[in-house]
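One chain, chain A, links the two complexes that follow: it is found with chain B in the first and with chain C in the second.
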Partner chain A sequence: MHDTKIPLGAFHPLTKEPEQLKIYVKDKKVMDTEFFLGYNHRGIEKIAENRTYDKVLYLVERICGICSNAHNSAFSHAVEESAGLEANERAKKIRGIVAELERIQSHLLWLGTQSHYLEHDDLFKQAMTDRETSLDLLEKISGKRIHYGLAEFGGVKTDMNKETMKEIEKKTDVIEENAKDIYEEVMSRESYVDRLKGVAKLNKKKARELGVVGPVARASGIKMDNRKDNEYDAYPLVDFEVITDKKGDALARTEVRIKEIMESNRLINQFLEMPDQNPRGETEVTLEEKRTTAQIEAPRGENFHYLHAGERTPKRLSIRPPTYANFMALPEMTIGERIKNAPLAVISIDPCFSCADRALIVNTETQEEKLKDFHDIIEKNEKGER
Partner chain B sequence: MGKSKDETKSMKLEKARETLKKEKEKGSRLINITGDERNGEYFLVYHLDQGEGKKLNLEAKLDDKKAERATDIYENADLYERECREMYGIEFGEEMKNLFLPEGIQEPSKEELEEGMKEMEKGGEHA
Partner chain C sequence: MNEKEEKYKVNYIDAGGCNGCYIEIIAALYTKYNPEKINIEMVGSPGQADILIVTGPVNTRNKEDVLKDIKKAQEPKKIMVVGGGCGISEGIFKGSYNTRGPLDELEEVDLYLPECPVKPQAVIEGLKILVEELNKERNGK
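Moving on, here comes the complex of A and B:
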């Protein structure tokens, strides 16, 4: 059935976190993929049931070091919905600035990792240099480079002065200019574009069926973005574009993410015009038993929190991070691909295993009929129908 | 939050499956499936995005923690259901592989989990 089984991971320079991928190969083509995760499982949802709401805010932030604010923000929204609290405009805009700086640093980290894998180390260096700038700005705002501890219920913990705002404006403009240069550089390099073009394709119909989110969905032509669709925080007050692409391949995902860096800068510049208010909110809340949800557009896509609130602690907290939703598309992206493209498919979804830390297992060893379907996929792939 | 409108409907599992089919035809997207418990009764909550900021939470009450798979309606229900089985002990009538824990580890009872949490708080051997 398969000639070779190739392990990738559990520790691999391509992925920033531990996971194991087993790739079943025949005639240099991927026939099947198996994922073994769980290396980072910490039982955070369960631990949250024994913490008061103010402490859970810090706990959920520690799910991930790259998109920590997305979890912090989603949880605060779920609690605010339950408590009937709403942040004022200044607090909403500060949240927006931090969320967009987080998107910039996350996309740049991903771009650097992909460029390094494709042996374009000058782009890796440029991406990581700009990422440092965004991390410095986050440190300037919150005092921290990774876990910013920003949200309070109905507000934010930190305000920003005019000097900080000027620095943000100046430095993010430089990041935007550099992102434009990186975009032109990537698109002008045949060796970069050719490695991504047509790789790990996911068409719009299949993307919808599999429920993928974020840049992966947008690169397949689905115009979905919670910042626009749910209009949370200060996003309804500003003008921005949802970046989409119809190609649905690894190149489209690269283009979408680089363009989103530029769009984030546009958003930050608009957020910087904020009224003079006290942005602080409540640190402690007492809730009635209620069930609420919150959807935030994290850098990798939709971050979903379900809160079944108890009086002082959550009775149940369920978190569906974006990587979890995007995993579903990996077999579709890899089966039928040449073996050298399988790692590119994985990196093209920008996986975060600390967030998802789940396992996806697709096994064809004993399921002949399923394998027949895979052959269909391969045939369609060769005919260019995918 | 925002303009997002949450609607929650409680119903039996069979009715929830019918509603899921109708929502799928309307183009709603399955966001997640959560296992939840209230007063000793177990639920599966299907979270659906109906578009234009509207969300529907379908709460399906379970008898004896037994449910049916929804992968025939939504392909992406697979991972979410497997998580509910592994972490909430909800049975779906077929063999499913673990997502988080090594095979062979049984789903702990709620009492065992609570005991483990107390040990953690005390900094005991499981901490």
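Moving on, here comes the complex of A and C:
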């Protein structure tokens, strides 16, 4: 069926994170794509079963270095539901501000990566510089640039003063202005737009069937956003739009993400009007056995946490990050495409392998199977097939 | 140091961390933290590299690949492990069934950069130290 097999990875300069991708090619067209994960698997779900809830909060944060707050927040929601706690309005709004700043920095990082791949390095540099602005704000709020450790059960760890709020208001406006500039710049560059137009197409029907989430789904015309549908935290209190696009290609995903940066700024400005309350929550909780779930809109899409609570530690924690859902669309996006567009398809879903690899199920039987498969790969490498 | 001297090449290997350190390395090299002062450049292959930056706790699946990639690097090579928790001591992931590290039990490591995730300023400082050491070794020959 295919005449060439192109292996990417496990360590490849394109993706940086370790994973193996095999692309089967015939006449420069992609016939099939295969994934081999596990290079990032750390067994977080299993470790969580031996740690108390306050420690798991910090553990789940380390699933991913880009959307760490989404995991932190989702886990705290699952525990709060189990314990019957609820954060007050100020805490909810502080959570909202951090979540939206995280979305801004994640989208800008992605925009930088894509621009770098398309050899528009000036846009990469600009996106990374803007991203620093949002990271500075996050550092000011929480004390850290990444892994903010924000959530407590029924509240947040840090409060913010008027000075910080003013700075946030000022700097997010700058980010929005710059995002507008970047949007116009991207759309005016023919070489950028032409390269993305019609690439990695996913129509609405297929997107629904494959169950994609987040900006990938929204770029295919599906109006899904947990912030609207699930109404968690302070999102029901504010007014915002769910950005969608009908085109369903890599260009649509670019447009959706850049517009979401602007929308996030609108949200942050609304969150800044908050009542004077004490936002702190509980640090330690004791729960009764109960099964709860939490759905959070992470920058890449729906982040789902399932918690089977024990008294002091989780009996079972199961997590489905957005990348896992979006992976499933990759064969659909790439089959029939020219080989030069296959990496673009991968970039356009904004994959995060450190998120996805955590979800690998390992029992003795399958682990053996995986290891066999792994040695098989090494053997082929040694024969020079890679 | 002579400005015209060849740049030292740096390669990055992710041994299964959370990706946070990697992003901080990118931030250190391409934003206001200014890499221009150090005599380095990033390369895509460990085969060309003088300095290797490794993050993450090393796991069952990537252990062989990581060690193989480290062997490919040019001599004299320097290995820098970043990530206060997982890179240096497996940190928060200690006790997992799947971790096979930390890296210093498998390979000789030249420099550790603590904190989770590492700060961009620390990455720059660490690279400066390694470049200085490489300079000494090269000029000593």
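Keep this in mind: the second predicted complex is superposed on the first by the 356 of 386 C-alpha atoms of A that agree within 3 Å, B and C clash if a C-alpha of one lies under 4 Å from a C-alpha of the other, contacts with A are read in each partner's own complex, and residues count from 1 in each chain.
Rule of thumb we're sticking to: contacts are C-beta pairs under 8 Å (C-beta built on N, C-alpha and C of every residue); 3 or more make two chains touch, one makes a residue touch a chain.
Please read all numbers here as calculations on a predicted model, not as lab measurements.
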Chain B versus chain C as contact partner of A:D233, first or second or both or neither: first
Touching partner for A:M187 - first (chain B), second (chain C), both, neither: neither
Touched partner set for A:P18, first chain B, second chain C, both or neither: second
First (chain B), second (chain C), both or neither touched by A:E132: second
Contacts of A:I339 with chain B and chain C, given as first, second, both or neither: neither
First (chain B), second (chain C), both or neither touched by A:L109: second
Touched partner set for A:I146, first chain B, second chain C, both or neither: second
Touching partner for A:I44 - first (chain B), second (chain C), both, neither: second
Shared contact residues on chain A - chain B and chain C: 38, 41, 46-47, 50, 357
In the complex with chain C, residue positions of chain A that touch it: 10-11, 13, 16-18, 38-44, 46-47, 50, 58-59, 62-66, 68, 109, 124-125, 128-129, 131-132, 135, 145-147, 352-354, 357, 362, 367, 370-371, 374, 378
Sites on chain C touched by chain A in the complex: 12-24, 26-27, 30-32, 44-46, 56-57, 59-62, 64-65, 69, 85-86, 92-93, 95-99, 116-117, 119
Footprint of chain B on chain A - complex, ascending: 37-38, 41, 45-47, 49-50, 77-78, 80-81, 208-211, 229-233, 235-236, 291-295, 302, 304, 306, 308, 315-316, 318, 320, 324-325, 327-328, 357-361
For the chain B and chain A complex, residues of the former touching the latter: 1-4, 6, 8, 29-32, 34-38, 45, 47, 49, 51-53, 55, 57, 74-76, 78-80, 83, 87, 97-102, 113, 117, 120-121
